[in-house]
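Alright, structures below, take your time with them.
You will see two complexes here that share chain A, one where it goes with chain B and one where it goes with chain C.
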Partner chain A sequence: MKSEIVKTLLTRILSSLLTLFLLVSFLFIIIRLSPGDPTDKYISAKLGSELSERIAEKFSLNQPVTDQYLSFVANAFSGDMGVSYNYRLPVFEVIWEYFSFTLVFASISFILQMYLSIWLALWVIKKRKKWLDKFVTNSSLFIYSIPAFVLGVALIYIFSVNLNLFPISGMKSLDYDDLSFFSQVLNKIHHLVLPLITLTAAGVALFYKYIKESMDDVLNQTFIINLRSSGVNENIILRKHVIPNALRPLISVAGVELGILLGGALITEVIFSLPGMGRLTVDSIFSRDYPLVIGCVFTAGAVMILANFLADIIKLKIDKRLVKGILN
Partner chain B sequence: MKSGLKIIHWIYFLWFLIASLRFQLAGDYLSLIVSYCGLLVTDLPSAITMLSGSLIDAFLSMIIFLLTIPLTIIFKKRLQFLYSKLNFSFAFLILLVSVFLFAPIISNENPEFSKNLSVTKLLPPFSSVKQFELKSDIDNNLSDAEYFRKESEEVIKPSFNDNIILADSFRLSDKVIYYQKNEAYEIEKESLISQTGVPVIEAKFYLLGTDEFGRDLFARLIHGTRISITVGLGAVVLSFIIGIILGFIAGYRGGLLDVLLNRFTEIFLAFPVIYLIVLILALFGSSLLSVIVVLGISGWMSLFKIVKSEVLSIKQKDFFSTAELVGLSKIQLLSREILPVIIAPVLVNMVFLFSNVVLAEAALSYLGLGTGSSYPSWGSMISSGQEYITKAWWLIAFPGLGLILTLYTFNSSGRMLGKVLNPRLKK
Partner chain C sequence: MNIKTLNLFLLSFLFLLIISCDSKKSVSENRIVIGIAADVQSFNSLFAFSYEESAIAELLYPSLLDFRWNDKKGELEPYPMIAKSWQWAEDSLSIRFLIRDDILWSDGNKLTASDVVFSYDVFSDPDVQSRLYGIFNQLFTESDGHIDIEKTFNVISPYEFEMHFPESSVPDLVKIVVPVIPEHIFKDISRDQLANHESNFNPVSSGAFKFKKWNKNQTIILEADSNSFLFTYGQTAELVFKIVPDYTSRILQLKKGDIDLLELVKVEDVEELKAEKSLTVVSSIGREYDYVGWNNVDPNEPSKPHKLFENSNVRKALSMVINRKEILEEYLSGQGDLAASPVSPIFKSAFNEKVLPYEFIPDEARKLLFREGWKDEDRNGILEKGKTEFKFTMYYPVGNPLREYASVVIKNNLKSIGIEVTTEKMELGAFINNLYERKLDSWMAGFGVVIPLDLKPYWYSDPNIGFLNFSGYINPDIDNILDKLESRISLEEKNKLIKEFQEIIHKDEPVTFLYWTPNIIVYNTRIKNLKITPHGVLVHCWEWTIN
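This part shows the complex of A and B:
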């Protein structure tokens, strides 16, 4: 059993690396196919062919495409994505600064989504009202249908513009540096309430659908009936037996959901002008800072691959029967 | 029978609503069609050069509009689903389809028309301004073609018309005095278009208000609907083609190709798609076509998976081997033997895909990477409305509502379709 798990893990790591490698190759192909080349930013055609050749040499554009490709892949894997045009810093450093925000922001939202959806499903099941079930299912579908930017803008309109409860945008107030540590934290939380609602709402609705369906499935199984007839407390049945069994399908969705979360974070960061990687991507596109754009896209892909890998490991930890299934 | 309301009643209701509200406009379109036919006979070359996109659009939607009711009556037997019970999703779906088809009849206002900013800027819903038109130089000996052009411009409004003046209010004395934001201007009566000596002054009504450039929000919303649906349909069809073909190849051939395609799908699935779309659009530029292509390319993975797994199981079945032995070509195998079997899950998937694509298009437009500024799109309307959020709630509310209802309709009808087409899921 143990050697089988190790083998599974190794194969899984190899396939993740292969996916990462394909991603880098794919990025390279897209960049080479796109019109224009990186020297356009530095020289105009009027400056003479000799100069442009020298610059092309600096960019290694005169080397064969295969060599360019190999050095691109090698650089990408060693974390060297070039230098950002705007920040005049290595791309990796810039991204790291912004990425840490997105990581914290998305993680909080992810935990909230999980917690709220499970809590909601439990609440609905405990109430045992058919109309309530139907109502929550329908309204979760409705909430799921609200695009993040519509919800975000609506929240800004209601809570920031009309009620003046929360700030419209940004991460800290102007007087942030003068505040004590405690009120600095409060200030940040105050700024993050609306963005978190925006990012979390759709995810709760999506998770609710999956968790409710799988809880219903588990509740219909014989061992639950057995537990009930043995007089076990309903709360204990739900908490100890239903939730762990119902979580399994949720974890496989969670990997895919992370992609939605990163995409949602991109939009949310733009709406509320938060200093995250999504907004960095969009900003760098508009300022034509291509090394940074490519670095951001690569990071996003790498994070997704890593997250899917982790989700598989967690699944394996929960359910040893899955050793074979993960490889597919 | 609990409720007598059926889908067909809703269609008739919408049809009569449009017909009664836009009776005059429909008549204008009809006479335009007639005079265009006349022009085709008398002056064929200029008739063909005059044929613009908006003209074809208007003619087509007028013809479809006229044919709607007869067609539903003639094909009553075929269109049995029109006699099923009406619910909210179907009602909104039909509303969307009719907006898509009949946009020129619902609003002939040009979505880009902008004039007299001081008067029309950021008007709330249900407001109206006064409109009068300067006489243009009348040339009595116009050729047929020029006469037709003039006539068509009166019905299908161009995005720019110098002769129209919009004002808050006016006063008639020996001259016409009109007010634009407390500034009074004078104009000779004779220079205005008039009927029996009295200048024609109309009230221009803005149902949903105007945006920051004084453009009619209702017209923009109607045309934005068309953009969203066009992008959605185009991308879904593209995804369908890619997914079906790749899935068929991977399932039918197998081998190395299958492994490679699987890895490829893995990358696409393991990717926050919006980052990829944003990258491609940024590198290759964004236009209506490139948005459709990129969204189509980024959505085929789930279809691929469905088709591949179904093909793998169909391949073992007797009827399929028979068809192979009879000597059907690959395309025939795909279209006659496989598609009918897998159409149910594929259809459900396409409905969900459509809502995803509409959402993605709106999100891209919101980020400023959408179909470009030449078309009004829901997402770009919301993004420009966000700047005026303190002054003009309607700029966000209406496109946002349209988007939410569209997505909800497609999500819930996809769910319903899944239940109907997949009886195994029912308990």
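This part shows the complex of A and C:
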């Protein structure tokens, strides 16, 4: 079994690397196909002549297109996507600065999505009321269909403008430095409540749908009926038998969702002026900072691949029977 | 901990959070918050490429002279700043500056003539690629554009120096004055490394405000520098630039009082904002205009005239059939003015009031086109001349709703007299490339107006000089006027020539001038002493006070 797991892991790592390689190749093709001189996608007058020359050499811009492609792939895998026009810094240095916020923000939102959706599904199942089930299912569908920019602006309008309960945007207030440590922590959380609701709501609705359907399936299986007839406590059945069995389909969706979140909560970060990957991507597009756009797209793709890889590992941990499935 | 307890804990925490945080306006009374859409990348005046960067850099690094807008004359006038006085030589080939001896950098060092000379050296250095690189052609320069310091400057004492000009030059103070940066900070940094140096993010300044804090992509905080020579009693204690990329969010914060001043407000929000008692709405017109470009030459063979737009009567007819007033009234709610030429009405002494925009007269346009041989002989609804049908594609860059709206109106207007237009959006980078290569038949774009007025890059026939003359317009009389404007002539003569320029341009109508678009500024009424001129909003913000 152990050797099978190692083999599975290696296969999964290789397929992830292949996907990453395809992503890099696709990026290179997109750069070549986009309007304008391809050289302008790497160097700009803003960078100065010496730096531009260095980049041109590093990306083989004066060489045939095959050499350019090989250099691009090699540079991408070694973490060099050129120099941002606006920041005049290596692209990945800029991305890392913004990615750290996204990592924290997305992780909190992801945990909330998982927790709230499972809790909601359990609550509905425990209540055993059809109208409640229908109501929550329809409400979750409604919430899922609200675009983030509508929900974000609506929350701002209600809770910030009218009720004056939360700040409209930003990560901290202007007087942040004058606050005590505890107040500083509260201040940051206070600023992040509305963005977190905006980012989390759709995910909760989506996860709820998956987990609820999956739980319903498990609840109808014979072993659960046997457990019930043996007089096992309903809470224990739910926690020890239903949830673990119902989680599997959720993990696959969660992998994709985590990848999307880590790639940058584009709309939420722009509406609430948060310094994350999504905002960096938007800013770099609007300022036509091509190296940074390429770097952001590459990062979003790479974290998506990584999140799916992690989801597969977690699934393996939960259910060893999947080892064969992945190998096949 | 069971789920119920955890839920109870989370709810209690949220409740505590709401009641513990001060939800009232946290803006200090002596602080002005300015909303901006994008963060800066540097505080160094050398690299202040964006609007926000240059506005902040100008506050940190004052120039030798202060330029104030004279609304009556419609021109900038020099006032003392770092230089307390200046004297032109009789032959106008040199100028002697006497600078103040009481100016301190924010780190306590004194500002001297050496800083000024160093600033010119760095700004013109090709290794630095500063935002002003290439503009020093009126000074003694080397072949790469670098100022020849020895020939240009003569430092008499730490507070007095002379600036010399070549005989052929026509120096204009507005064009040759640069912000002064501290020599002691930058002198030991390799020139090609200046752009990335950490000193750009912790600037040592001499302006009325000094750098306090930068929370990347959140806020930039400047505080009043009481040691600055520009500091005045009662000056605002802090100037905060709040970065809010979302427009709706900026407007909501303006209404709530979290932002005190906002530029580039959309016309559709004006009425609602005017209704707010705490806000003042001001519209500044004359720094930007939109136009429809007609390529005067064949995009495939630039030596040949364009088969549709070579004739000035045809271009005039096109202008007569575009209902610009409708666009102004419908989309811009009457904010903005019709344009007749590229000379803005803000330049009151040079503006020719006799040159009026072409009226919307489709019948007259039809007659003009008929006279030029454009008729619908085959009755298919499209005009033709010989075998050439009057149809073309008009391009415009994506992301401008006004131009999108205008393109529909223009298309319908032209269709009504038998001209078929296909409108097409283009990515901005590709659009600009095409304009520089003169590949487009027709396009809709806009131009910003520089102060002082500079027409040569836009209308000179030689593409190396008139590099922004995208329509390939050629008129020797215009070239002659533009050359004369660069010679040593009096201001009256200059204004006379500019008026003549407008008449010729109006007669030739190389492009259809649409309208002067407004910059709508909204600010909180608690800000006093704020003067909005075409020169800018923030230029003298240290004179603002809080009510």
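The criterion applied here is as follows: the second predicted complex is superposed on the first by the 297 of 328 C-alpha atoms of A that agree within 3 Å, B and C clash if a C-alpha of one lies under 4 Å from a C-alpha of the other, contacts with A are read in each partner's own complex, and residues count from 1 in each chain.
The definition used in the following text is that a residue touches a chain if its C-beta (ideal position, glycine included) is under 8 Å from a C-beta of that chain, and two chains touch if they have at least 3 such contacts.
Quick caveat: nothing in here was measured; it's all calculated off a predicted structure.
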Simultaneous placement of chain C and chain B on chain A, clash or fit: clash
First (chain B), second (chain C), both or neither touched by A:Leu18: first
Touched partner set for A:Asn86, first chain B, second chain C, both or neither: second
First (chain B), second (chain C), both or neither touched by A:Ala76: neither
Partner chain in contact with A:Val153 - chain B first, chain C second, else both or neither: both
Contacts of A:Val270 with chain B and chain C, given as first, second, both or neither: both
Contacts of A:Ser145 with chain B and chain C, given as first, second, both or neither: first
A:Ile189 touches, of chain B and chain C: first, second, both or neither? second
Partner chain in contact with A:Lys172 - chain B first, chain C second, else both or neither: second
First, second, both or neither for A:Ala205, with chain B first and chain C second: neither
From 109-117, 289-297 or 325-333, the chain C stretch with C-alpha clashes against chain B: 325-333
Common interface residues of chain A - those touching chain B in one complex and chain C in the other: 35, 153, 156-157, 161, 270-271, 282, 286
Chain C to chain A touching residues, read off their complex: 3, 7, 14, 17-18, 20-21, 23-24, 26-28, 31, 33, 38-39, 41-42, 47, 49, 126-129, 192, 195-196, 213, 215-219, 221, 240, 242-246, 248-249, 252-253, 255-256, 258, 426-430, 433
Chain A-touching residues of chain B, taken from the complex the two chains share: 263-264, 266-267, 269-276, 278-280, 282-285, 355, 359, 362-363, 366-369, 379, 382-383, 385-386, 389-390, 393, 396, 400, 403-404, 407-408, 411-412, 415
Contact footprint of chain C on chain A as seen in their complex: 35-37, 40, 45-51, 86-89, 97-98, 119, 122, 153, 156-157, 160-161, 164-175, 177, 183, 186-187, 189-190, 193, 270-275, 279, 282-283, 286-288
Chain B partner contacts - residues on chain A that touch it in the complex: 18-19, 22-23, 26-27, 30-31, 34-35, 138, 141-142, 144-150, 153-154, 156-157, 161, 256, 259-260, 262-263, 266-267, 270-271, 281-282, 285-286, 290, 293-294, 296-297, 300-301, 304-305, 308
